[in-house]
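What follows is a set of structures to go through.
Each of the next two complexes has chain A plus one more chain, namely chain B in the first and chain C in the second.
After this line comes the complex of A and B, so read on.
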C-alpha cells in the first residue's frame, strides 16, 4: 500500500543550497562595480549575485567562499555554481572551482488527506514537537538521516535534508506515521 | 552524647537543656555537662527591624574548604562558578516567577529544570535570561498554568520566537514532553481581564463550549490559541449582551484585528454559526468540518480542475470542428466543379489566412543571431498566448472561419518550440568535470557570461552611483583608516579586540558609599539615584543593605581585576531591587527609576520594579516619600521616552494584577 501510494506522491524539490570555494581572495568592490546583477552589502561584507538561467542567487565573500541558493535540482545547482565561477574568472580573478558540496535540499510534498497534528505529536514524542504559538506546523526530526519534516494540518509537508536521497527516505519514513493520524474528509 | 547515669547519685533521669547547653541530673542537681555544642539557629536584628539568621550558607556541592570569612553576607565569594551560576539562576527565577505569580512549587520545579540544564552545559552560549524564561515556561506548560510565552517575552522584552527556540531546544535536550496547549486554559484568565462582573463564569462557560465546537470543526490546529480564545470570548460576550469591542478583546488577547476577524469569518462558515443561542446551548451538531486552510486549497484545486476540463473541452470541440472542416473540404472537392464560382473565393480567402498566419511565426527563427532569436521567440510566444486566450474566450464557436487561425498557430508553435529547444539544451547538460579545482567549461556559454559583465562605460556609471549611494559608509571607513594610521604613527595602535567584555579598572574607594558612587559612574547607570538614600542604606549593618555593600566592599578589598562579570552585572539589579523593595516603587512610580538607565539595566529594573504590588508593609511606606523627591529631577524628554516604555509595563501589570489564578504572590525572598 505504501509503495503504491509513493508513486502517486510527487516530491517537488524547491530549493538546493550548495557551497564551494574559489581558493583565491576576491575583491568585492570590483565584483560589485563590474557585475550586472549584483548587490553589495558592505556592512555584512558580502556580494549577492543573481543568475538568470539556472535561477540562483549566490552570496560571495571576499575569502572566496560562495554559497549558492535557489536552484531546483542538484544538477542545476552545480551548473549554476560553475557558471558563477566562470563569471568571476572573466572578471579577472584566478578562480579555481573546489570543494563543491550540496548542503541543503528543501522539498515539498502534499498528502491527499488532512492530518491531526496533536495526535501526531502525542504518538511521536519526543521526535515530533508542536508549538502552535510559534509555528503552525509540527516538526519531526529524524536524527539518523539528519532530515527535518514539517507537517501542516492541511496535509502538505516540507522536508529538508542534506541531499535528495535523504529527503526521499524521510518522506518514506514519515508517510506511515502520517497515514495513521489522518483526518477523514467530510465534504 | 548525653550521659545516661548521673555520677554522683546514680540516677538515670538527666535533663538535657538545649538552650543553655547543660545536662543536669534531676535528683541531685549536679551539672554533668556544660557548654554542650548545640545546633540551633540564632537570630540577629538588623537596621530597620529586619531580623536575619546568623550564619552562612554552605552549599552541598561547594568547595571542600570552609569559607574563611566570618560574616554572613559574603555569599558570592569563595564558591566555585557552578554554585554561583546556580545561585544566580535561582534568584532570577524567583524574580521572574514572582512577576508571573507562580507559586513556590512551580518555582522549585523551575529551579530543578535549571539545575539539569546547567549540568548538561546547555547554558553555554545562551543568555541567562533566555534560559531562565525557557525553564519557567516549561513549568508553566507542565503544570498547565495560563501563562503564554508572549507574557514572558513581554516581561523580558525579547522576541518571542527567540524564546521559543530556546524553549524547544531545552525541552528536547531534557526530554521534557510538555503537553499541547489547550486554548481552554486561557479562557478564565482572559474572561477575568475583560471584566464581565458577576457573569464572568457564565461567559466563560459559553466561550468554552464555543471553543470545543471550534476544535471539532478543525479551526484550532496550527493556530495560536490566543486568537481562538479571543474569537470565542467575543462571541460569548455578545451572546450575553456585553458590548465588548474588537479593540478591547485584542488588547487583552494580544492578537491583531485581522486575525480575529479571520477567525470570526471562519466560524461563520461552519454550520454551528447558523444556530440560535438557545439551540447552541442545547444541541451539539454531529457533523465535523474540514480545516479552513484545507478548504481554501481544495477550492484552488477545484478551480484548476475546472480550467483543465474547460481546455479539454475546447480541444475536443476543436477536434470536432476540424473533423467537420475536413468533411466540408472533401465535400467541397467533390462538389468543386459545380460550385467553383462561389467557394473558390472562400477557399482562397482561407488559404491566404493560413499563409499569413504561418509566415510571421516561422520567419524569425532561421535568423542566426542569439539575441534576436531570443527576442523573436519571446515575441512569438506572446503572440501565441494571445491567440490561445482569444480561443478560450470563444469556446465552442463552431465557425470554421474562426478556427483556421487557431490551427496553424498550434502547428507553428510546436515547430518553434522544436527549433527553440536545441539551443537551450547544451547549456543545461552538465557534466561533472574534474574536482581538482580546474573549472570545467563544458556547457558554459561564454557569450552569455559576457553579458553578465558590464563594459567600461557602464562600470564608470555604476561606480559613480555606488559611491553616491554609500557615501556615509565610505566616510566612516575613511575616518577609521585615518585613525588607525595616526595611532600607528604614534605607536599606540592596538588591534581592536573582538571580545566584548571590557576589564574595567578596579574601584578604589575608602567607604562603601564612595565605592557605590564610583561604580555607578563607571557603569553610567543613572544620575537619578538619590545617593543620600544609598548612603543611609549603607549605614545599616545587615539586612536589606547586605547585598548592596557587599560588592563595593569586596571590590575595594580585592581589587576586582579578575572578577567574573556576572556578579558585577547583577549589582545595579540588586540595588534597584533594594530600592524598589524599600521604596515600593511599583506601578505608578516606574518612571523615575527607568529614566536614563541604559537598555539592559532598564529591563532589569523594569523587571524588578514591576514586581506585583503585594501588601505594602508600613515601613516601606515611609520611604516612598523620600523617593518622591528624586523623581522630579527626571528630564521631560526622558519621561516622554519612558511613557512609551511604561505602557507595556503597565499592561503587564494589568495582566498580572489578578490574584485569582490560585497562585500565591511572592514576597521578597532575597532578604534572608
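After this line comes the complex of A and C, so read on.
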C-alpha cells in the first residue's frame, strides 16, 4: 500500500463496500426466520445479515441485490460475499454469485506534520473547499480518479475512492500539496 | 375596372369587375352577377401566415410567483437588518432570482427556500468582504445550521462564484458590538467599551490561532471565549474574576454557548504556559491560574517572544530528559518511569529504548512531543487496532458446511423464535389496550 517516496506513510483501509447479485428472487421472511444474526426491516424492504468471520454486514433485497460493507480489504470483501452467497444457498435459494464489484473504498492516512488548511485551500482554489462552520476538514476532489480526500489540520486525511489502487494514487497526488502547506514547528 | 384574364364561370363573359363588399375584394361578372373570385382574408405569404401559438399571442410578461416575491422581500428585510449597502442588497436579490428559477431550487420545500434567502445574503456579503459568520445567518433565520450549510454549498455550485474566505478576526469586531456592555446597560465597574474589547479579543484570537485552538472549529464559541477573557482581564477586579461564563452571557444579553466553556479552558491553558515564561516569574514556581488573568496584558503584548521562549524551554527539557535517559541506560540502572516523566506528559516506554519510540504511531507521537498541538492530538481516542491475520486470504477458499450451518437456525430454534415473537406481540397488544 505504501508508495516509493513515503516510506513511513501508512495507509489503513477501514471500509470496503461491494455489491453482487444472486440472479434469483429472495424471500426476505424466510431469511429472517431461518437465518441467525439477521435484522429484518420490512419498512425499507431489506434484511441485514452480519457475518462473524470476515466482519461484514450485508443488506439483502428481495430482488437479489446484495451490498456488503465493513470489510478491511478487497480480498476479505470477496470472501465475505461468497460466504454470504453460500449461506443463502443453504437456506434453499438457487443462488448464483454474479456481478461482484467493489464500489467504494475508505482509507485513513496520517501525516507526520500539521497542515495549514486556509493556505491549502487558497493554493488549490477550485478543487479544494473549506468551510469551518460546516466541517472541520478541507475537501479535495480529484476528478480524474474519482477520489475525495478530506484533509484535517492535525495531518490526518481520509480518502474515498472506487478501488484501492485509486486511493493509493490519490494519496500520492495529494502528499506534495500537503507538504507545501506544512505548519512549521516554530512559530 | 375589369381585371384582365378573368372570365365568368357561369356565362363565360369577360366583363368581370372588381367590386368591394364590406371591404372584401370580389370579382363580379357584370352580365350574370355571379361572383367569379373572392379576395383572401389573410395576406398571401410572409410573416403573418405562419402558425402562431396561443401562448405567444396572449402572453403576458412572466410574473414572479408569490413565494418568489415573498422571498425577495425577506432578502431585502435581512439586508436592512444587517445594514448592508444598496449594492450588496441588489446583488443578493439578483442571486436569489437566478437561483430560484434554477432546476435544483425550484421544487424545494419552503423551509429550504427560507434558507436560500439567508445563503444569497451570505454570498453577497462574502463577495464584498463584509464580515459575517454563517452562524449569525442561521440565528437570524432560526433554522437548522446543517440545512443552511447544504443549501449554501448547492448555491455556490449553481452560481459558480469564487467566494473569498473571511477570517475570524474580521467577524470578531462586528461580533463585539453585539455584547451589551456599555455604561448605559451595566454598572460602571462591569462596563467596557466595545473598541477595547475588540482590540484585546483580536490579540487573544491570534494567539489561539497560533496555538492550534482555532483551526477547524466553529468561530462563534471562540469569539465568545475571547471576549469573555478580555473582559475579565481588562479590569481584573474580584467582582469580574468571580463571574462565570454563564453569568457573563446573561449580563451582556447574549445566548449561551456550551462549547465556549471548553474554549475558555483551552485559552487559559495556553496563557498559563506563556505566563510561565514571563521574566519576573521565578523558575520552579508555578503561576497560579488567577494570576494568569492579571498578566494577560503583558502576555499578549509580548506573545511572540514568549512563544519562542516557551518552545525553546520545551525543547531544552526534552533534550535533557533524553540525555539523562541515555545515561541511565548506559550505566545499566533501570530508573523508575515516574522520575523521568516530564510535566508535559510525554510518552516513554518502560524498557526505555529510544528506537521503540519511533515504532509508535507517528501522529500521536509528534502531537505529544510538541508544546502546542491540537487538543484532539494531545488527548487522542484510543483505537482498537485489529492485527492483520488475513494475509493469506483470496477469493476462492473452501467454505465448510459446518461453518455455514452455524449461520442457519435449526427447525427447533425457529419454532422457539416464532413462539417468543408471538408472545411479545400479544404482550405489547395487551399493554397498549390497557
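To be clear about the criterion, the second predicted complex is superposed on the first by the 180 of 187 C-alpha atoms of A that agree within 3 Å, B and C clash if a C-alpha of one lies under 4 Å from a C-alpha of the other, contacts with A are read in each partner's own complex, and residues count from 1 in each chain.
Operating definition for what follows: a residue touches a chain if its C-beta (ideal position, glycine included) is under 8 Å from a C-beta of that chain, and two chains touch if they have at least 3 such contacts.
Just so we're clear, the structure is a prediction, and the values are computed from it rather than from any experiment.
Upon superposition of the two complexes on chain A, a steric clash is found between chain B and chain C. Contacts of A:180 after superposition: neither chain B nor chain C is touched. Using the contact criterion defined above for the overlaid structures, shared-chain residue A:33 touches chain B and also reaches chain C. Legend: residue contacts after superposition of the two complexes on their common chain; A:112 is shown touching chain C, with no touch to chain B. By the touch criterion stated above, A:96 is placed in contact with chain B alone, chain C being left untouched. When the shared chain is aligned, chain C comes close enough to touch A:72, but chain B does not. Using the contact criterion defined above for the overlaid structures, shared-chain residue A:152 touches chain B and also reaches chain C. Overlap of the chain B and chain C contact sets on chain A: residues 33-37, 51, 53, 75-76, 78-79, 82-83, 86-87, 90-91, 114, 116-118, 121-122, 125-126, 129-134, 136-137, 152-156, 185-187. Chain contact summary for the complex, chain C toward chain A: residues 133-135, 145-146, 149, 152-153, 162, 165, 167, 210, 212, 215-219, 304, 307-308, 311, 361-363, 366-367, 370, 373-374, 376-377, 386, 388, 390, 393-395, 397, 399, 401, 403-409, 414, 417-418.
Across the complex, chain A meets chain C through its residues 8, 33-37, 51, 53-54, 72-73, 75-76, 78-79, 82-83, 86-87, 90-91, 110-114, 116-118, 121-122, 125-126, 129-134, 136-137, 152-156, 185-187. Touching chain B in their complex are the following residues of chain A: 23, 32-37, 40, 42-43, 51, 53, 75-76, 78-79, 82-83, 85-87, 89-91, 95-98, 100, 114, 116-118, 121-122, 125-126, 129-134, 136-137, 152-156, 183, 185-187. Within the complex formed with chain A, the chain B residues making contact are 148-150, 160-161, 164, 167-168, 171-172, 175, 177, 180-181, 218, 220-226, 287-291, 293-295, 297, 427-428, 430, 432-433, 435-441, 443-444, 446, 448-454, 459, 462-463, 466, 470, 473.
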